[in-house]
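Below are two complexes that have chain A in common, paired first with chain B and then with chain C.
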Partner chain A sequence: MRVEYINPFVESAYNVLKEVLSVEIVRGELYLKSTSMPVLGVAAIIGLAGDVEGRVLFDMSKATAIKIASAMLQSMEMEPIEELNDMGKATITELANMITGQAVTKLHNLGFKFDLTPPAIFTGDNMEIADTGVEALIVPMDLPFGKIEINVAIRERN
Partner chain B sequence: MKTKQDFPSINQRKADGVGSDGNAYRVLIVDDSLFVTKQIGQILTSEGFEVVGTASNGQEGVDSYKELYPNVDLVTMDITMPKMDGVTALEKIMEFDKNARVIMISALGKQDLVKKSLMLGARNYIVKPLDRKKVLERIMMSLSK
Partner chain C sequence: MSNTSEPVARTQSGEQAQEHKQRLGGLHQHQLQEQDDIETVDYKMVTFSLGGKDYGIDILKVKEIAKFATFTYVPNAPPFVSGVYNLRGDIISIIDLRVMFNLPAQRKPEGSAEDGLILRLDDLMIGVVVDSIDKVVGIVSSRIQPPHPIFGDVNIKYISGVVEKDGRLYIILDVDRIFAKEESASEKPERLPAAVPREEIGLGAYQDDVTSQVAQGAVGKNEEELDLEFIREGLVTFKGFYPDGVADSWLQRRYPEWRAERKKLGSDVQLTGEEDADEFLRTFYSPYSGRFWGEDYIEGVKALLPEEMPKNISVWNPGCGKGYETYSLATVLRMRYSSHILKIWAGDNDLLSISTAPNLVFGADAVPNLYEPYLVEAKNGVAFSSAIKDAILFEYHDVTHTNAVPNVDIIMARDIISFLPPKQQASVLNEFSDKTASGALLILGQNEHISETLGWQHVGSAVVNAYRRL
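Take a look at the complex of A and B:
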């Protein structure tokens, strides 16, 4: 995977998380994950299609998802959540959407043309994801609420 | 009985969501995210706007606009949505009512998308993340155009 693809995701994730949650964020070291990998419990996914194809997965534990969603809701003077209900899931998918949207905009300005799909969210224990033939780069972000792993897999279309 | 005249006018600021005729601006929110619909709704109702409808995809948005018309003053339109995207929905709404006031709200800020939306007749384009100030400023700008 070309490294130019990854930096916009790192920058956008950092900027959006900081703006939306108003907390300190520490970026971890990037690493590659094998094609079949366990996910942490809550995974929001957005597809990419155009000159390139792939997907971005925002992976976190359920406890972290609840804390992040609650913080976002409270910043709008709305009730925090105790369980990952529909509003909680909508909040996490929107966070994924904002980060991916900003990254795609940056990539577009660099000349890479592609669009994103409406997000989806998966929750469950012991989940695993497998995409054959696509390398995934992981951008870990440490927040006071726990860790988010942003898992980016992009390949050029032939 | 107290009337409006009993209150000192110095503290009276007209809420942004109320027009010069004293009626609230009526808004249709088109967005596939429950979170964003609630967020925009919250910002607008707190300023006196009235949310008269919500729709979760472009097609529903166009249908709702036609149903509500002429009792709708403003539409907020997401772009990435299932069934019909927001730019197509904007185009269809403008075909139906060339004076429609539609504001695009998206996580995508790609220049060609912004340009295309404005060319098609959108009054403004707000890039997420949203905050109260940004949303109200842009909406007030679009209403006064």
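Take a look at the complex of A and C:
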């Protein structure tokens, strides 16, 4: 993955999570992966198009998703959720959208033009994701609610 | 000799185990959250300690837990065979795993019983002596992690996995393989008893084929050859450098030279740590590694470039590090083909190095005058102009993963193939062939050579080592 893309994603993930959740966030070591990867249980996905093609995946366990969504809702003085209902899913989707949106804005300022697709959310057990022909950058973020893995797979259009 | 190198090896593996533990610790936590309700124990193992670390053996392989009081010593047996033991009428041999893996053994007072296990393998019963038996631990088999390639005390091929349970890290031994090996090991010559346990200590996957050669070929091997085997292993462990491939001919030349150097200094021929390995590899690296090329190398590369090039020149530069090599190559190509469109895909899997590459700034005196037309003033020094920069795409990328580069005219891969295990070396070379057409140029490290049967003809000079696609 092009070096210039890495920082915008790492920074915006860190900033948005910190701002929205007001908690301590620890960024893990970044690494690359190319084989099919297990998905923890809740995965919000946003496609990228333009100069590049690819997608960003926000991957977390169901318990983490519920805690994060509750924290976000409470910060807006709304009721926390007990299970991952429509409200919870919409909240997680919104979080993914905020992070990707900010990253793409940063990239735009650097001269890279991307478009986003509307986010989608997948939930389930024992899921896997495989991307052919592109390796993924994994940005692990440790939150008090659990771990979010941000999985960015982008390649240049040749 | 083995005594002097041991402590180093042990601290290293200690650190690795620690690191491994932390990584597994993290994984464990997230898996806990995920698997809270679907967790079922489907694998039980008997755990015990050897040299202060926790190990496990699949309970299905364990016949019973025993205390061995009196062995009958067997003359002429390998050192790790403690003797034979009469188990209610059955005579079984007793192996001391600590001696076998060259781990420190707690000496029991004379006459007291040793803790051990009796294993049942296909048609063989065998007793093993350990420091102490711990307990039976039930785990979820999906939690078993593959062993780290340089795990340390026990050869990786004898480890079927590593698992964390209640904050302890257990190394699961693959007893079938340990004792399958033991049978052939008994053919080893008596005059090399000290070397036997050393070779059991594992150094990574590539060793799979080497150890078997050692095991069978040890007969008649002289000290020099054994030292060479050990150096190969050392290079893998300390530097991730695999000499059994493109760098083999270099190793054959380097070894006698190294032997002479070390003998003169009165130091050990074998590699006892990273420093030794660095010293051994000192003559391996290509000229101008990690800095801009000087005039001689620039001229050398220029001489290899063909007259005719397509209008769009594509170049692949895996393992570009901080980018010095890429910028030098881009400059040479710009000089040579001033009106062509140039595109260089440069990648490295070292995040820190590659992160600095796109915005590399340096002192004006770091480069020969030749580069001057392509430089511009920058904060705190000079940088390459956009004519060069825009031609290069730096990527955080691992060459062993999918390579998204299109077909290219030039590949520059100096000193990276040698740092891949042999299997990956072969697949990367295949990939090089896939991504090129006849006439393409491949520049390898100064001491890396490929067989011409792969479809590459050697065209390099004394300065630049290169191949042309047939």
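Brief remarks follow.
One rule holds for everything that comes next: the second predicted complex is superposed on the first by the 158 of 158 C-alpha atoms of A that agree within 3 Å, B and C clash if a C-alpha of one lies under 4 Å from a C-alpha of the other, contacts with A are read in each partner's own complex, and residues count from 1 in each chain.
Simple rule for what comes next: a residue touches a chain if its C-beta (ideal position, glycine included) is under 8 Å from a C-beta of that chain, and two chains touch if they have at least 3 such contacts.
Treat the numbers as computed from the prediction; the structure is a model and nothing was measured.
After overlaying the two complexes on the shared chain, residue contacts for A:102 are found with chain B alone; chain C is out of touch.
By the touch criterion stated above, A:32 is placed in contact with chain C alone, chain B being left untouched.
By the touch criterion defined above, A:78 lies against chain B but remains apart from chain C after alignment on the C-alpha atoms of chain A.
Contacts of A:21 after superposition: neither chain B nor chain C is touched.
When both complexes are overlaid on chain A, the residue A:4 reaches chain C alone and has no touch with chain B. In the superposed model, A:94 makes contact with chain B only, not with chain C. Using the contact criterion defined above for the overlaid structures, shared-chain residue A:135 touches chain C, although it does not reach chain B.
Residue contacts after overlaying the shared chain place A:155 against chain C, while chain B stays out of touching range. The interface of chain A with chain B does not overlap its interface with chain C at any residue. Put simply, chain B touches chain A in their complex at residues 32-36, 38-39, 42, 80-82, 106-112, 127-129.
Per the touch definition, chain C reaches chain A in the complex via residues 26, 29-30, 33-34, 36, 38, 349, 351, 354-355, 357-358, 393-398, 401-402, 404, 406.
Residues of chain A touching chain B in their complex: 16, 19-20, 72, 76-78, 86-87, 90-91, 93-94, 97-98, 100-102, 104-105, 108-109, 115-118. Those residues of chain A whose C-beta lies close enough to touch chain C in the complex are 1-4, 6-7, 28, 30, 32-34, 40-41, 61, 63-64, 125, 132-135, 137, 146-147, 155-156, 158.
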